[in-house]
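In the two complexes that follow, subunit A is the common piece, with subunit B as its partner first and subunit C second.
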Partner chain A sequence: MKIVVCIKQVAALGDEVEFSDDGLDVDPDYLELALNEWDGYATEEALRICEQAGGEGDEVVVVSAGGEEVDAALRRCLAMGADRGVRVELAGRADPFTVARALAPVVAREQPDLVFAGVQSSDAVQAATGIALAELLGLPGVAVVNKLDWDAAARRARVHRELEGGLVDVVDVETPALLTIQTGINEPRYATLRAIKQAEQKEIVVEAAAGDGEPAYRVRRMFVPPKGEGAEMLAGDPAQVAARIAELVKERLA
Partner chain B sequence: MARDPKYDILFEPIQLGPKTMKNRFYQIPHCNGFGSEKPMNQAHFRAMKAEGGYGACCTEYCSISPESDDSHRVSARLWDDGDIKNLSVMCDMLHEYGALAAAELWYGGPHAPCMESRCTPKGPSQIPSDFEFLTYPIEMDKDDIRYVQKLYVDAAKRARIAGFDIVYVYGSHAYLPQQFLTPFYNHRTDEYGGSFENRARFWRETIEQVREAVGDDTAIAVRMSCDMFMGEAGTQLERDCLPFVELCDEIVDVWDINVSGISEWGEDATPSRFYAAGRMLPWQEAVKAISKKPVLGVGRFTNPDMMVDAINNKQLDIIATCRPSISDPFLPKKIEEGRFDDIRECIGCNVCISRWEIGGPPIICTQNATAGEEYRRGWHPEKYSKAENAENDVLIVGAGPAGMECAMVLGKRGMRRVHLVEAADDMGGCMTWIPQLPGLGEWARVVNYRKIQIDKLANVEFVPKTRLDAKGVAEYGAEIVIVATGAHWVTDGLSGATHDRIPGADAMEPHCLTPEQIMVEGKQVPGERVLVIDYDGYYMGVSLAEKLALEGKKVTLLTQLGTIAPYMHFTLEAPNMHRKLHKLGVEIVPYHVATAIEPGRVTSVHVYDTEGHASTWDVDGVVLVTQRRSDEALYRELKDSVGMDALRAEGVEALYRIGDCEAPRLTADCVFSGHRLAREIDSDNPAIPKPYIRERKVIERELASV
Partner chain C sequence: MLAVIAKDPAALDVSFAGVDEVVRVSVEQEEFEGDVALAAVEALIAARRPRATLLGFTVNSMGYGPALALRLGQGFASDVHAVALEGDTLVATRSFHGGKVHAELEFAGPAVLLLRPTTWPPAEGAGSPTFADVTAPSVASRARHVAFQEVAQADVDITTADFLLSIGRGVGERENIEQFEELAAKMGAVLSVSRPLVDAGWMSNARQVGQSGKTVKPKVYLALGISGAVQHLAGMKAAGTIVAVNTDPEAAIFGVADYGAVADLFDVAEELDKLF
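On to the complex of A and B.
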């Protein structure tokens, strides 16, 4: 059994933000890098399935696209228990299609039984890479999965998709398939220091990105929106403030 | 980050008579246990605040004569040339940072027991102190008045030589000038007593004389309490203080306004349990409205928006801070740099003050473990050296106050990786539930500050919901293991009161409860009638009594001590705690120990009853606040069962424990314990604190070799 988990190293803004000279991105010096939250859940789900199956040669392979700094996120997943890592060399922050095109040949070569990706990344919030990859791989794609029952032998899975308003969409899908995994599907494990150290010894294969293609979009400009009008501060005791809020709501709804 | 223009007003210079203060941040006089006799500790302690951006820093109350000797408590002193030399170090260091130095010239009258000097204090009337035991003053005649006024003048001249820019004629907290102003202390019938003009005469004359002596180049500050909360007898705003401001506004350069006397000065240095920040703004605003001079005052301000509002709303010109400056000497700089997340906010627990009240040990702070350690341990609250063994990974088990502090400091010292592993789902340990006791909400700042800091440290990872056993610790992969598993309240009534268990005490029974069972586990206190057995003497027993009374229970608090929660006398929480429990109808039973607990009944004896007559208390539930015990099982198993040899085989090179896990203690001491180990993690033997500089006179002698 082999599950490939596609992960992303995301950037979080620090207290201060400066843009790069070309105005197209945040200066990397002002970013803190971390494993995308959704991808921790996806990795955990893959690890649990393999652990429960308990088979010889079962494998969880984590793949990502980007520069050397992405290895830290891959090692995070390796410390959780993933077996191997593959990084496709890709410069800069790429759009979902470019990333999917970079990952597709690597994932296809692994011939996985399942492919996971996070629903979305916390920095770009496109929620597109996973589904684009499913299309490129020619696999069924199911998005926003928060429950998974997989019958490996029957090559069939029943998954719950989380919809708006608390609705659940129950879907049957043939596997191999690509599922984008929602937070809360499990509780990701923490890696011990020993596991982190051992992960430093695990192999990360670096591959060149194959082929080019048009990006899905180009960033024209990144900026902090100008401040709007100042807020109206309400004075008075809690009862007065509450009464004023109620008035305001009525006024604005009218 | 550049300063938000909203806060510009806090950084505008202001004129104090002949002196210019560079901004509006002023460290009010407060004690630290150093006085004039630990001058290097004193200087480095104050200078840290100047480095942190304060525009002016004061001494603590600074005695002008051996007649005003507050021993056993520690004041600064300006009695002679030696004191000038010693305090000049503080002035020089403050000046290096561009801050002004202020001396709070103090004559205590009957409140100064003169235990060291064996002088006799002088006062307006011969009434013994309401603060100190058995201290009677000499009732001053006119010669005495001239003599004491000259003491002020001579001390002001010494202050000027030492380098002070501001001298106080200090009255607040019911010291001599304010005693003259206040009918409670002043029963005189001569021209120094009776009418307002007469009661104000001593203070006014003294200010005039000090101004005449040093006022050309030294600012004159007056600190006045504007309400003593004792009705007609006490100082009153309208009757006494506003007229005094009008009378003396021309001869005063800056007014320092607060409230309270000395016997209940928790009305000034307000515990967060009873008062929010800015409690004294109404009095400060009243003085500001009629004075042409700058008005400053404290209010436990930690919130920059509140500071700006106080100035914009014409309540204050200068934001004075005492406890917030102890908790974070870099408060001004952090506001200037927009680093609000990094402000270590005072929690208003008043353990800093407890040390002064106890009589002179160095200051401590729950939030700032480096307070008082600037010189003797060389600790800087914002600077951390890279550890020499930083290539190691550290596992800390338990994310209570000690564990959080240790993780934060080790992170700042650049350890390769620090894992803070906690059984619960969030950080805080006991500080997740203690702030839920009535009135203690601000204590949660202990957790919040550290949580934010730890979150920012890339090399520190918090691992929740993970309970490690000894095997898990051994195999975790850390070179350094620190156990910080805390302590618990005992379930069997063991205590320091009797050094024994209470027969029948067993918190497994439904009628016996421990604090954690009530606060963490939600165990229901049965019935209507509850007896709280408090052998601890700090906040836990009374807080639970208050909580249960607020829930409608009929509560009795039984203690072996002569009064409830004596440590809360030191933190200034006691008077209002007494009022609160009295109002809630909590029955207080002092001097009693429980001899037996059974369902529905507790038996006790009076500790001084040699015949041992039993009293019985018919109650449905008993809360055992008797003593705590370290949660040391994990540490003992690692050290004794697994053993260091086996640990070394797993790569663990060192095993330590910190905080309550070693021995239960104040939260401030837990934080210190975690901080201390982290500061000294690369010393020869981190388990044992390194020696600190003891500032003392050492006799020159030949020593025999050991």
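On to the complex of A and C.
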């Protein structure tokens, strides 16, 4: 059983924002990096399936695209228990299609039984890279999976797609397949300090991105949206804020 | 032009005012399957060559929209909240970093755009479109619908409450939830939550507000420690009066709130407790 998990190092924006000189992206100095929340669930799901399968040569491989800073996110997954990491060198801002094209040859070469990606990334919320990758690999893709039963004998996955309003669509998918994993599907394990240390020794292979193609889009301009339609801010200490809230609640419910 | 892809597309009345043409694409499957939807829209695009193909930013569209655009060599963007045609250039606006920044994306050629739900009002009124049929090729569906499962009946219905006290990631620990349950009861509110508390297994999804939870429209929505992910905002922005308390002055929830306070939710909760 081999599962490839595609992960992203996401960037969180703090209180302040400055744009790069060309005005097409946020200045990296204003971003804090972390493993995308969805990808922690995807990694956990891959580890669980392989642990349950318990066969010889079971492997969870984590792959990502980006610069050296992405290694921290890969190491985090390795500390959770993934066996190997592969990083495809990709410079600059990348749209979902560019990332999918960078990942596709690496994933294809691994010949996995299943490929996971997070449903979306917290910083861009495009929900596109995984399903674009499925197309490039020629695999069936199922998005927003919040339950997965792997039938090792039949090599079939029965999955739950989490639809709007909490309705669940039960789907049988042929494998190999690419599934985008939703938060809440499991409870991701914490890496112990020992595991984090051991992960430092695990291998991360760096590869050059192969091939090119049209990006999903070109960014023309990035900007801070104008304010003014936002909330009327309540000033004062917590007691004053609470008093005003109490007043509003009583007034609006009257 | 409005396209209907279904087993019996004629059964759906979509003759809204302003629609010039309704194109019906009949497929064999009763329910959504990604391979089937992709082949149907691919055939439709090949037949009509639209400048822009608009889909909702829904779980179904996420399942095939990106693959469709990539296969056809078209542009793609999701969660789009504004679209314009400027001369020959198609421009789509979407957010990054939780709505803190917006980006204008441009497309010289045709594109598949997934539009943010609830951004545009639903189409209304009767029109008099022409009708046409497009035949979709029969494809091998590799991910097949088996059944739907409804969420189990819940002991609470947050959609009928006049006053929701809603908590999010800001509560930090499971042990902290009880005090907000007590506060909600004291204030006469029903307690609701944002997705992270359901993911953590701390609260039932019957109490979840948002796209994957419930869409609510209470008279008052008091959000404590909720930053306001797009999917959450979609589920509550129609509330009468929205009051948000968050420590991050840039939190997206302040963009839809009527009143906001940059404060610690525990401090405010403690003070509210004294007032009810």
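By our rule, the second predicted complex is superposed on the first by the 228 of 254 C-alpha atoms of A that agree within 3 Å, B and C clash if a C-alpha of one lies under 4 Å from a C-alpha of the other, contacts with A are read in each partner's own complex, and residues count from 1 in each chain.
Keep in mind that, in the parts below, contacts are C-beta pairs under 8 Å (C-beta built on N, C-alpha and C of every residue); 3 or more make two chains touch, one makes a residue touch a chain.
Here the structure is a predicted model, which is why all the values come from computation and not from measurement.
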Contacts of A:Asp15 with subunit B and subunit C, given as first, second, both or neither: both
Which of subunit B and subunit C A:Ala72 touches, first, second, both or neither: neither
More subunit A residues in contact - subunit B or subunit C: C
Which of subunit B and subunit C A:Ala128 touches, first, second, both or neither: second
Partner chain(s) touched by A:Val206 [first = subunit B, second = subunit C, both, neither]: neither
Partner chain in contact with A:Glu32 - subunit B first, subunit C second, else both or neither: first
First (subunit B), second (subunit C), both or neither touched by A:Ala53: neither
Touching partner for A:Ile196 - first (subunit B), second (subunit C), both, neither: first
Doubly contacted subunit A residues - partners subunit C and subunit B: 15, 187
Residues of subunit A touching subunit B in the complex: 15-16, 32, 187, 190, 192-197
Touching residues on subunit B, where the partner in the complex is subunit A: 1, 338-339, 341, 393, 395, 417, 419, 458, 461, 463, 465-466, 475-478, 651
Complex contact set, residues of subunit A against subunit C: 11-15, 17, 26, 96-97, 100, 119, 122-129, 131-132, 134-136, 140-144, 158, 160-174, 177, 180, 183-184, 187, 214, 216-225, 227, 229-234, 238-239, 241-246, 248-249, 252-253
Residues on subunit C engaged by subunit A in the complex (per definition of touch): 31-35, 57-60, 62-67, 69-71, 73, 75-79, 91-92, 95-107, 111, 142-151, 162-163, 187-188, 195-196, 198-201, 205, 208, 211-215, 219-220, 222, 230, 240-245, 248-250, 254-264, 267-268, 270-272, 274-276
